[in-house]
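One structure, as structure tokens, below. Some questions next.
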Amino acid sequence: MHEIAVEERAHKIPVAILGATGSVGQRMVEMLSRHPWFEIVQVAASDRSVGKRYREAVTWLLSTPIPEKIRSMEITDATKPSDARIVFSALDAYVAEEIEQHWANQGVSVVTNARPHREHPEVPLIIPEVNAENLGLLHYQKFAHGGIIVANPNCVSIGLSLALAPLVQEFKVDKVSVSTYQSASGAGFPGIPSLSLLDNLIPFISGEEEKLEKEPLKVFARLDENYLHPASMAISASCVRVPIIEGHLKSVSVNLQKSVSLEEIKAAFVNYSSPISKMGLPTAPHWPIYFFEEIDAPQPRFHRFLENGMSIAVGGLRSCSLFDYKFFVLSHNLIRGAAGGSILIAELLVKQKWV
Amino acid sequence: MHEIAVEERAHKIPVAILGATGSVGQRMVEMLSRHPWFEIVQVAASDRSVGKRYREAVTWLLSTPIPEKIRSMEITDATKPSDARIVFSALDAYVAEEIEQHWANQGVSVVTNARPHREHPEVPLIIPEVNAENLGLLHYQKFAHGGIIVANPNCVSIGLSLALAPLVQEFKVDKVSVSTYQSASGAGFPGIPSLSLLDNLIPFISGEEEKLEKEPLKVFARLDENYLHPASMAISASCVRVPIIEGHLKSVSVNLQKSVSLEEIKAAFVNYSSPISKMGLPTAPHWPIYFFEEIDAPQPRFHRFLENGMSIAVGGLRSCSLFDYKFFVLSHNLIRGAAGGSILIAELLVKQKWV
Amino acid sequence: MHEIAVEERAHKIPVAILGATGSVGQRMVEMLSRHPWFEIVQVAASDRSVGKRYREAVTWLLSTPIPEKIRSMEITDATKPSDARIVFSALDAYVAEEIEQHWANQGVSVVTNARPHREHPEVPLIIPEVNAENLGLLHYQKFAHGGIIVANPNCVSIGLSLALAPLVQEFKVDKVSVSTYQSASGAGFPGIPSLSLLDNLIPFISGEEEKLEKEPLKVFARLDENYLHPASMAISASCVRVPIIEGHLKSVSVNLQKSVSLEEIKAAFVNYSSPISKMGLPTAPHWPIYFFEEIDAPQPRFHRFLENGMSIAVGGLRSCSLFDYKFFVLSHNLIRGAAGGSILIAELLVKQKWV
Amino acid sequence: MHEIAVEERAHKIPVAILGATGSVGQRMVEMLSRHPWFEIVQVAASDRSVGKRYREAVTWLLSTPIPEKIRSMEITDATKPSDARIVFSALDAYVAEEIEQHWANQGVSVVTNARPHREHPEVPLIIPEVNAENLGLLHYQKFAHGGIIVANPNCVSIGLSLALAPLVQEFKVDKVSVSTYQSASGAGFPGIPSLSLLDNLIPFISGEEEKLEKEPLKVFARLDENYLHPASMAISASCVRVPIIEGHLKSVSVNLQKSVSLEEIKAAFVNYSSPISKMGLPTAPHWPIYFFEEIDAPQPRFHRFLENGMSIAVGGLRSCSLFDYKFFVLSHNLIRGAAGGSILIAELLVKQKWV
């Protein structure tokens, strides 16, 4: 056992985390510190943290302790050179773009969870189970030394897109109406003051509806040479912050291009299996979608940690009087929706020899 | 001052509350105990409470104390004869129908907050500001001694219907898609266990979506002799319980029969004034609808008590990519949506000489 | 009615609020905007708010709207000269001392809710019902033009001290052991992030235990010329933040110098009436202490608003196996414990001709 | 791997869970279903569940799914004979005593989490790390066929007793003052209604203060033949329910018989190692106590799952002005305080050949 560990370590790929003290960054630290392929060699954060030990700079929000080997690691500037071959970016939107391009130009593979590059026409927006083929766009990126940038969709877009995947695949979806119930952790840390959220709901999340209406079109886009043809689906989103800690619930109605029975829809969810499931990616869930027949599922506190938070839950499937069907989707916003989604992309990049 | 009070009391109409210890019943007790026209002469509850003092039978959930004159009142059986000329029913659905008809046949005016009579073709489903004219249906009720039954819509239907009223009136509405964020108090007491609701969402409320899809059609029905022609609107509802105490928020999208600008919609909300506003009904709000321009309004903790909880709040008005417009509606489920709505109906009945 | 209001206004005393946009400042704005004696002529806040309208600078946290006449008032610097004859300070500790002395040296009466002057030997620490006589210390203050500074104890000290008052008065108290359950609003705004407080407890509040162990000794101090002899009571405090919005609960055990029965203790609470109750101070509660016999009282959500939040609640009185008796105390931290306490002091100052 | 599992299973001890659908019973199901020594052969619950499948009778409250092999198990009556050699009782107090004695008289080893036998003079009250030697009392139990009954202390007593253990052992403790912050799950399911606990505190838990003042005296009792001499410690407890899901926090002050420095106290906590740590009991934590230097630890959400919830957390150690020292203790009420504590006792019984 011990020897295997040593050997494994000898082959691990050095990675850096930018924005390592934020709520997404912490999840990355937690997941990557026990990752079989990757090894954290750099944790970077904002200026006021640079030079501090990780444990001193972070307000640690997980119930597992700070990983031992990261506790004393010194926080660097986000552009400090290092051996990292993959950089995970959980940077704030206003600094992310430039720093990420800087790393890509050093020949590094960047997986970003930040907004700016998601919209960039040359950056693929990837959910490995859904659109791995769109990585082909990387052939057209022009960073120095073979550097690349891949983006992870927004925390709420991932859950919705993954739930739509079997329906898009089998029946085509043309309209999606979605209202969200988003947890406090989606706003980062410190994020929403407790005085604003206890016994309250906040019917506004800056920029979120726009992202949720647009990003799935890029996720389901068809790659044609160097161009992504956005899916023709129309989405209307209404986003609300609710007083729960983790997990984004979505109330979804869909219109399909085919007329299908409720049993067919259900079968599509139940039988959905990921095209990447045979690849042996360590973070990939066995079943990306869990379908619940129970009348009152899914519920965040009970279902947000399916397959360590990498699977989403679908339930409450029923006919809709305005569209075809409606259902609820739950996904863990920090794991599937951010840290875990980014790590899964990196695993796919390694498997497909992009790194 | 004191003399006026005595005189007022001399003319007060005796009323009874059935289901007086429940969460709606308590609000009725609180509101009616300081009502200028009505005087509580009877509080009835289930068998295990009969014979007890009100204060002993109730788990009082309000931050104001139990009204002094009610504290020691003895709880009666729900059919015990009394002087009451108006009976407010907050009974459980499975016993309500029979008991309410019993009272009506004694010549009493019954205002019910229970489900069964809401759907009855001869019982008007009334929101005084919206469809007072549907009280005309009472001419066709056949209870002995002039007894009548009027129903109050479900707690979440009232908020939605009242918000739709200016749009129905000015532009006609043909489609409504609504997802709800409903507070714990909507489930009564004891209702939802704290272990089920802390840090959680429950995407199922028994029978609620059906009510919310049907009741507004009866609220906006047109009375033709003894028949209510339901409105032709199509509604799709998705209902979720959220961990807040009071107030139901609704994310609403609407399709209108006319093409109108956002400014026109906004004006319809802002200028909406109730046809009953001049009647001097004590519980009627000055403005049934408050329209908010603030980007993140309405929020339950801050806006559920507008005009003592009798006004609803509308905010977040914006274009919708699938329907015409979308917006949020907040209403206090126990006040506007139950106790206060019933009391306002009773006031209207008095004003229009039905009592 | 209208004429009286005009006349009242003619005689109103102009007041300023420093730190008017914080959570305590907001409560002051709310309470003072409808005060019969005082009129807000100035609202001051930190540099980044100066020059803005009040409504633009504040994140309003009350369920009543921002008072109409304050909404558009321009926020000034905290030292900007004005007509104010009384200044209410809800400033942050690190700037409060100097600014408060500045105002006092302009001949203004300062009532402060900030920490620094509470500990100053020449500043009386006042709870009007408990130690109005300690205002005598003001004779020895040496500010220019008759300016004075009076301090309000910390939000949790006020509740404890007021609860101890009848026991100190009748039986002498020599030991107090107290563990607190303090609400989110005690930390100001933005204060505690929701991610830190949802489903959590924080067993640390900076400087709070020290204040709670010391301030009551000054509250119960005996004034001898210009010296306050601190009470000889020993207090041990343990302070915890809990996920509720408003209200500080305290679990208290006391040792008395006399041997008394539980009935005598109870009578002391029940019969406690304030020496200031006949003065006609508008904010003074009729009964500063409400004693509850119910086995599970007091509870924050149901009892924090007794007499508009100016009365405290005592309950759960029982024998203690280590001290003499134990009981629970609840007080509203923002009203009785801050804004309301300060306003009551100002009313006392006016009544006793210090202003 | 598979073969080992089969072999393991061949040697597993058959166990039953009484009260298997309650909140403690569910934790037992979850922990025992993956236990290396024990195999669940019977799940019993109240009459209205008998005959149902486990999954139909339970409102499952854990975020891991119902263990596969238990889902379809049929629920039996609590006295139905079975092969079980160990019976775990999580029964309601009013039925527990008789049923537990019934099982003991069948020669079965009963580990009870219910109140009645805890107080019985012939039933040892065991925390394995603290007082394993008190199992000697079992020599004097007189049940047929070698049956025995051992009790697990109340959920809040366990945490307090375990925290006191190093102090009792090294310095003797003579006085303990404790105020508790107890989570919703301590009240079972359905337990506290959400309407009673959202934004609220309940300063009363039936019978809890009595248990917390008495049980530690039996935990620290010295066994002399067939008699347990209770420890002479005096405890005063004040118990409050707070709106969190799991974990009981305790604010504790202690008086010691020796004068010791804060460093010595700290060392006692840090160095405390369990006398059972070498026994290889599968559920025993490596370190029963985690001592935190961080100023604001322990916090329920972050520290309740130390060593899968079997370790307690101690923090906030500081001098006390009335007693010697004060500190905070956190323990998981359902794991360490109930299901896990009972299972650890059963493991000890097996190891010491009582089973």
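Couple of notes before you dig in:
In this document, chain identifiers A, B, C and D correspond to the written order of the chains, with residue numbering beginning at 1 in each.
Please note the rule applied: contacts are C-beta pairs under 8 Å (C-beta built on N, C-alpha and C of every residue); 3 or more make two chains touch, one makes a residue touch a chain.
Just so you know, these numbers come straight off a predicted model, no measurement behind them.
The chain pair C-D and the chain pair A-C differ in C-beta contact count, and the higher one is C-D. Averaging C-alpha coordinates per chain and comparing to subunit C, the farthest chain turns out to be A. Taking each chain's centre as the mean of its C-alpha atoms, subunit A lies 48 Å from subunit C. Measuring from the averaged C-alpha position of subunit C to that of subunit D gives a distance of 43 Å. The multi-chain contact residues of subunit C, meaning those touching 2 or more other chains, are 61, 198-199, 243-245, 301-302.
Of all the residues in subunit C, the ones that touch subunit B in their complex are 60-64, 198-199, 245, 301-305.
Residues 23, 59, 61, 184-185, 189-199, 243-245 of subunit B are the ones that touch subunit D when the two sit in their complex.
Residue ranges on subunit D touching subunit C, taken from their complex, read 175, 177, 179, 181, 198-204, 213, 234-236, 238, 240, 242-245, 249, 251, 253, 295-302, 315-316, 320-323, 326, 328.
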